[in-house]
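My questions all concern the structure below.
We just call them A, B and C in the order they show up, numbering each chain from 1.
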Amino acid sequence: MTREITLSKAVNEAIAEEMRRDPAIVLLGEDVAEAGTPFKVLSGLVEEFGTDRVIDTPISEPGFMGIAVGAAMTGLRPIVDLMFGDFLYLVMDQLCNQAAKTHYMSGGKLKVPLVLRTNMGATRRSAAQHSQSLQALVAHIPGLKVAMPSSAYEAKGLLKTAIRDDNPVVIFEDKLMYNDKAPVPEEEYLIPFGKAHIKREGRDVTLVATSSMVQVAEQAAETLALEGISAEIVDPRTIVPLDEETILRSVRKTSRAIVIDEGHQSYGVTAEIAARISEKAFYHLDAPVIRMGAMDVPVPFSPALEDITVPTAAGVVENARRICRGELVHAA
Amino acid sequence: MSAARSKKKHNTDDYLRMYRQMVRIRAFEDNANQLYLSAKMPGLTHMYSGQEAVAVGICEALTPEDKITSTHRGHGHCVAKGANFREMFCELLGKEEGYCRGKGGSMHIADQANGNLGANAIVGGSMGIATGSALSAKRLGTNHVTVCFFGDGATAQGLWYEVMNMAALWKLPVIYACENNGYSEYTKTDEIAAGSLTARAEAFGIESFRVDGQDVLAVNQLAQRLVERCRKGEGPFFIELETYRYHGHHVGDINRDYYRSRDEEAEWKKVRDPISNFGNWLIDQKIMTADELVAIDKEIVSDAEAAVKYALEAKYPDVREVDMHVYAETAAWGETQ
Amino acid sequence: MPHEVIMPALGMAQDTGQILAWHKKPGEAVSAGDVLFEVETDKAAMEVEASAPGYLTDVTAEAGSDVPVGQVIALICETPEGSGSASSRQDAKEVPAASDEPSEIEGREVIMPTLGMAQDTGLLVRWLKQPGEAVSADDVLFEVETDKSTVEVNAGHDGYIAALLAEAGEEVPVGQTIAVISAGKPEAPIARSAGPAALPSAPASVETPPAEEAALPVKAAPAPTAEFRSRGEPQTGGRILASPKARRLALERGLDLERLVEAGHAQPFHVKDLEALKALPPKAQAGVAAVPGRHLTAEIAEDGFTDFTAWAAGSAGLTDAGALLAGLAGASLGNLPVRVAVEGLGTRQVYTVSSTLLGQVSKAEPDPAPDLCVRDLRFSRIGAVRLGAGDCPALSITRAASGLCLTLECTGDHLSADAAVSLLSNFAGRMEQPLRHLL
């Protein structure tokens, strides 16, 4: 049985199902209990699981992140709620120096099974400190896994997998998608890490897109289809581990690739994936690989400015047209 | 009568064990220092010598299931919590048989079988971990106590205030044990810490204590009391232990005249050495003779030397291990889509 | 068992320590904790204590010397007599002081000259002047042997021999100071050995590959630095803009992108442009069959093969360079045995190559036709060749600006593009490092 539910509801269901299954799971963060977070994603959980397992913390991100690391090392499986992805900078030592390295530094003796749930995404008129998409920051650190759900269906399946993973996993939800509905089965399901999803099959160009950029890619593909350009959409689902094979197989077929992610373009997720395509599918490329990330500016407040900083379907269409027509792109 | 004798016997065993553990730490550090000086040990290390009564006094009040978190100056905590010389020296030398298969080194020894959640090379970095371990104990009902060792320098880290706040709010079974050795790296503690250290914890409503960290019996008695109270749900607690590090901040920190005098160092070693003072007490109390103590010292020194020899000859990890343990293998996820 | 006294590693980034003073004399009794010596490092003096009781013995470094950390500088023994080992002062590997001795001697330095092409050291045959003796700039000062010839070297300066810093028979690194000529007559002229920097001189010997290396299985050779050019692509300037995939397909199909340029087709070229290229009428070339031929070149270093022929002649008694070439080329083609014709200027000999092993090449009758032809043009004045494909694939060897140029010519019927690339790659690798492949 499949019904349509919001991404917010999908996350809530994933956590509730897993907490029912495993009593070691606790939820930790600012206003996670009665308030259910500012986005109301966690509403109702405290009623079912009580304040022993749904724990409101003070506004002390490094503190509760560190507590989660220690709890994960000693038998609990914490899910940490970081209210905004922008607060990642506050927890970097505990996440990157402690959680990410503990298993390795202890020669495999200690494990840190925790999930850091946070969000990303601009165009909510929240300005520079509540709009960032910082997945590249954590994807850079060995020892962390990074999941980027692109719909309610993806969010539920990936979060359940994240909770069962024995490693620290950071999962980024696009805060603009919390109310977006998608078909989600009522039956339990999991989505494995490191297996990309071909969202749409095509012949002429591969659009590799993460999180909400999958929607952008889908809109672009519709427009391109009207012009006779057939786009294939690959959603990596997790950027660590990355399903390189599926991406390369698609690019070898289409000979062209555009990589879209909402993080800043420079030194970002798009750069990493584009580089791997260029290295490993070079002789199959009939056009340069195009990166499309957020502009390299702090996210501005004014709607007039903010909207032009993120990749759009029109931009994807424009780039796809140029490379499919064989126009000279960024070349001398 | 027989009850009294058995109690006396029990105490004697405890005293001897404390003496041995302190001598073991000193012997370990003397050998580690020698390995560094003779350029046989890669990297850098921080000597615990002088602070033995702190680690031993506290860890002797814990069970193997109780947890500790340790610091960059962590060999003493590791030995006191029950670690073996061999695996420790192997780790110091980056050998496969080390506690962390050579991946951690001096500053990251973890020995989870004995409840040691690991040393931490970020000053104050383990305060969250210790508090989280206490949250696990409370949530899972294990009745374990966690001791968070850190130095006076770490009291300047904001993380401590965040986690003390939560530990007090949630009444967690954690003891914050601040080893105040008078120096924050190369700076006097007076110059980096305003006000009193105990007042910091008291501000969160955490009961706080100061104790002579060179007196292993005083430390142990206080620790026993607080560990018991933690088990009853009366934690958290804070202890400031007044102690002294004999060496510099690290083994290469030899020119220390600009921050502390040689006279001061000599005075502590002469008057307040935790091992010789406790040894003299054992002789005064007729628990042990001087000859018996010398025999213990000799045996431990030769154990340490044998472990060093073993570690020097032990093999390095296979290079194929370099990318092993980045991620833990996760048991089957169940049905997947 | 004696305890070693070691120069300690004290600073954060310290390689040596200077001994300021010994506080104990050799043979003196010491207790654990006694100050043994003072050492200076990181601008600080530090006292080093004895780690065990006993007698200080076998002191090998004196006050003032810089000693590498970790080095044993003395022992603490159970008797004042010491270890009884041959350990002596000379054993201490003192680090040469920053101010090297010659510069402390007033005068002009004479260095071991670089005479040969690839020479690291020179063998000092004899001095023709004595310490303290007067010299003129044009006087022969010493004889040096290098590249198997003896050369006389002039003093270069007028004055007196203040120091001779190497002895006859020593191999001295080039550039090292071996004498000092002073303006005035020196009071105490110096003569000494070049010290540890000099190598023990050994009779010049022919370098032979070590036996164990020869016995090892053939390892993958590093990719030869060969550059492949698709036929007809402009070799200088005017680089064609084309996608990686279009280039790869053109190479595989033997298509000439240059013809698209000539036809006025707009660049950059993509895969779809290859359809237009295929549709162009065939272009006839004088003297070359209309069938598209393959023409690949690779440049390699020359000395690998030259050294190899010398070694093969000297050590294995294989004096027929043609047979060696046939062996390398045949092995590159694979599918042994094969028949390989080797052509020189006016000569032609066919060989049968029956295995990749050295010596498994034998002369054969001219018929039937060979599988492969090697044109050895190294000793001609011909630079680049474009002879067109004959009856079988042909490998031409010519001289390049530096090293050798290898050219493979064949038809599409002889070899596929992949096979042609593979043949030339293999041959280039074997020509650069013949021993690796043959033994």
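The rule is simple: contacts are C-beta pairs under 8 Å (C-beta built on N, C-alpha and C of every residue); 3 or more make two chains touch, one makes a residue touch a chain.
Note that this is a predicted model, so its numbers are computed, not measured.
Contact topology of the protein chains: fully connected, every pair of chains touching. Most remote from chain B, judged by the distance between CA-atom centroids, is C. The interface with the greater number of C-beta contacts, when A-C is set against A-B, is A-B. Chain geometry summary: the mean Cα position of chain A and that of chain C are 51 Å apart.
The mean-CA centres of chain A and chain B are about 41 angstrom from one another, to the nearest whole unit. Chain B meets chain C in the complex at residues 34, 36-40, 44, 251-252, 254-255, 257. Per the touch definition, chain A reaches chain C in the complex via residues 255, 282-287, 326, 328, 331. Contact residues of chain B toward chain A in the complex are 67, 69, 98-104, 108, 110, 112, 117-118, 120, 122, 125-137, 139-140, 142, 146, 158-159, 162-163, 165-166, 169-170, 324-331, 333-337. Of all residues in chain A, those touching chain B in their complex are 24, 26, 52-53, 55, 57-58, 60, 62-76, 78, 93-94, 97-98, 102-111, 113, 142-143, 145, 157, 161, 164-167, 188-192. Of all residues in chain C, those touching chain B in their complex are 4, 6, 8-12, 14, 41-44, 46, 51, 69-70.
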